[in-house]
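Next come two complexes, and both contain chain A; in the first it sits with chain B, in the second with chain C.
On to the complex of A and B.
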């Protein structure tokens, strides 16, 4: 799947030290195995790829890359252990393509520099794949900066 | 008093207190549990000023708070806030009072139709409004004069607290029985307002700590289902939206009052890497820290409490004893622990009682987990 990358996003990739090829690979993998989130009311998808110290996300439409973001905090699993019922509407605007299940908005444990704390994630209730939104990635970036300063 | 009249903060103390304050959030080893008695207008009493003076002079207020933090050896953060935020931005009238925080006297929403027509202000409008103008004057003063004691907080309360600053509490409670869908709408709008307010602070300072939770929506006034419908659900929605918009990373759940029947549901409330939960009371008793840690310790930082009534009217020995019990139960909580009061330190609390609280943390709050 060939994705068009605008100049603005190309600059964003460079700013974040992410290569175009990495993003293309993340999208290709997601398209081939279905491990991605798809917007319930639209044609946007979120695919992710992990390296040792970075989780990268590509938000894309059938024709172009719409956004890229990343976080250094590593997702360990659901906060509090296993998936259980909660008393609020936890349905997100995304569904897991592979499982055809609505992704749930749940707290997930994240770890960075030896510190483990919760954060808001998107979770497929069937395959337990975890994602975060672009806004949460921004929140995590602030959290990571604080941890880097205080744990240095 | 202008800035020049305040003694400089001891930098050695500040470094040590900063280290203690950092531990609960990022697990860096330090000696003992930090104490946060939520000092606001109590600081004014140390300067022979009253609450009215404190709230009418936000720049002086934070100077007094910062000085009080050093005096008591507690969390080195300059705060300024009061419960009746956000009314004036929407046309409410507020009365400055001599011996208590400002109180709203006239609210903009009087009928269910007013709820329908009520429009939430956007971020730019809120920044120009009276609440944030005053709040930011206080925060800017801390940032300029006490940069190492600065934390960009946004005082929200929960949706019921914002709602009852817009409409009279007796009307809201009546609608809760007769027309609950009106309160749904009101709380949804309160949640939208909370998101815009947090966005304003995050844009101004690059980060934001939201103080939210459930105060009016406690077991003394509402049943579990009402708390869930009008507080937990809309607050959770708002917090999730705040975090999804990058307007975090701090989330402080202040569950004031009695939360025996509803505290467990807050375990699943949206959290960020810098989340803290404080629960005031379990029935009529102080919420046991052992119970707090049991339910929240593997999730977020726990804020153990000492009864504010005790801090206000008890003896130093009573404060010390309760603080000892709470700090022993919480000090090694896996994701951090802070000892404090169930709510704001009462304005005229005897200083010896605040000292007793801190003394208990020094005597019994030494970490064993590091």
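On to the complex of A and C.
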């Protein structure tokens, strides 16, 4: 699928240090193997791709790229380990396409430069793939700069 | 016995320049040196050669020389200080002693003291000292007003104001706090004159400690000073002298005390006892950096580990170790760790240290005022150089929010969002500094020193050289200067 990238999104890609080809590849992979989240009541999808030190996300509609964001932290896994039942409604508005399961809003442990903290993630209960939203990614980005500043 | 390197040092008896070596024996690091007239001297440097080596591996700084040298090379280091052209490092902090007088009679002090106010430098002399700083130190200029006890001078507000008028960017005050705790009027004048931070002698959290060294109960005095500084928006750094049979058992409590008072208290700067100046002749109370870090680990129940302390951005891996920690609901969340490898410095060590002194150690209110001098320094080019409070989440109004549709029921957002909040205000710098005495002296460290005492005749002398004293009490520089 050849996706349209507006000038605004192109700038956002540059801000995040992501190449157009990289984001295209992430989307192509997601489209071919179904490793993506799809909005339950819409046509938006979230696909994810990782390099050694960056996790990138593409949010896109069938016609165009809607959002991109990234974090340097690594996601270690669910906070507390196993996926236990919770008492509140933790179902999200997103579905894992590959597993046809509603993704759950759960805390995941993320680690960067020696500090590990929980943060909200979207987790497929079947394949255990983790995603974060752009809002959370902004928080993570700030935390990353703080940790980097500490080392400087 | 394995030799690490050959060193040039000084004879503890006669202060002559002598040769020696640093070596490892039974896993410990020692300095051995030999004076033709006074024999062999052996000093323990570290109880753990592995830790010693690790600190060296984690240390990687660029340096820049001073803007101008003031003396020539004649007899060689450390006898030509001023600085001489062979000194390798610009000043990060210039110490300006405005009096030798002191209102305490500590059993131990690296400085001299007398009660004769006719010996105080006059305003013209101090002006020259400030001007020397402007001339030799690369911008921004950063000084500590010290003594003696500077607050014994009634004209201290005028001195501070003169420094600011001359264009010194950061002025911190080294004090025992006694006058500040009693004389609000005087303190108001100091703050209006433009003091940026208070460097408060603070040896413990119990009066037993203060009585041992000073014969007085001072804990309430210290608490009052911190309160007054907090109200005035002046950052406080607690400065404990640490010795074995004195307060080594209280270092954890000192850190807890500081953590409870963050952000008014910005840091704790531990200074293990060193045998220069008015000092006991026996050395059993000596504490190495590693002894201190191990005590901190034990007394904070392992929350702050030895491995959380990385070499300070000082001129030498063994001049000190620093840990930066967030205060997380009364506990500690250290941000530094030796396992993260060498700290790569983008700029030279003096400007880094100045940034640290000016940014982390000054008062919060002052930061908010965004004074041009310090503000400019901190917000230079990259986001990494901004003060913490300036790193904010990028405005999202123009970005398409996926967040609109999530989350419905809120998972705990506290983890990293809290982390950011804590980083703005709730952090504490815990540093240790191993000053050199005549026993531990390595010329290599002195040549790279960035803390310089300004003499009344307008020279810069590396702090450890300035206070260097033979075991007979003779100063290398202090008396002559």
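Here is the rule we go by: the second predicted complex is superposed on the first by the 150 of 152 C-alpha atoms of A that agree within 3 Å, B and C clash if a C-alpha of one lies under 4 Å from a C-alpha of the other, contacts with A are read in each partner's own complex, and residues count from 1 in each chain.
Here is the rule we go by: contacts are C-beta pairs under 8 Å (C-beta built on N, C-alpha and C of every residue); 3 or more make two chains touch, one makes a residue touch a chain.
What you see is a predicted model; the values in this text were computed from it and never measured.
After superposition onto chain A, the modelled positions of chain B and chain C overlap sterically.
Once chain A of one complex is fitted onto chain A of the other, the partner contacts of A:120 extend to both chain B and chain C. Contacts of A:59 after superposition on the shared chain: chain C is touched, whereas chain B is not.
Within the superposed three-chain model, A:100 lies out of touch with both chain B and chain C [touch as defined at top].
Once the two complexes are laid over each other on the shared chain, residue contacts for A:143 go to chain B and to chain C alike. Set side by side, chain B and chain C differ in how many residues of chain A they touch, and the one touching more is C.
Of the two partner chains placed by superposition, A:10 touches none, neither chain B nor chain C. By the document's definition of touching, of the two partners only chain B reaches A:80; chain C does not.
Using the contact criterion defined above for the overlaid structures, shared-chain residue A:39 touches chain C, although it does not reach chain B. Comparing 8-16, 206-214 or 404-412 from chain C against chain B in the aligned model shows that the clashing stretch is 404-412. According to the touch criterion, the shared surface of chain A, contacted by chain B in one complex and chain C in the other, consists of residues 88-89, 105-107, 110, 114-115, 117-120, 133, 135-136, 138-140, 142-143, 146-147, 150-151. Here chain A touches chain B in the complex through residues 73, 79-80, 86-89, 105-107, 110, 114-120, 133, 135-140, 142-143, 146-147, 150-151, going by the rule given at the top. Per the touch definition, chain A reaches chain C in the complex via residues 12, 39, 44, 46, 59, 66-67, 88-90, 92-94, 105-107, 110, 113-115, 117-122, 133-136, 138-143, 145-152.
Looking at the complex, you find that chain B touches chain A at residues 22, 25-28, 206-207, 228, 232-233, 236-237, 240, 243-249, 265, 267-268, 270-275, 298-300, 335. Listing the residues of chain C that touch chain A in their complex gives 324, 333, 335-337, 339-340, 343, 345-346, 352, 383-386, 388, 391-394, 396, 399-403, 405-420, 423.
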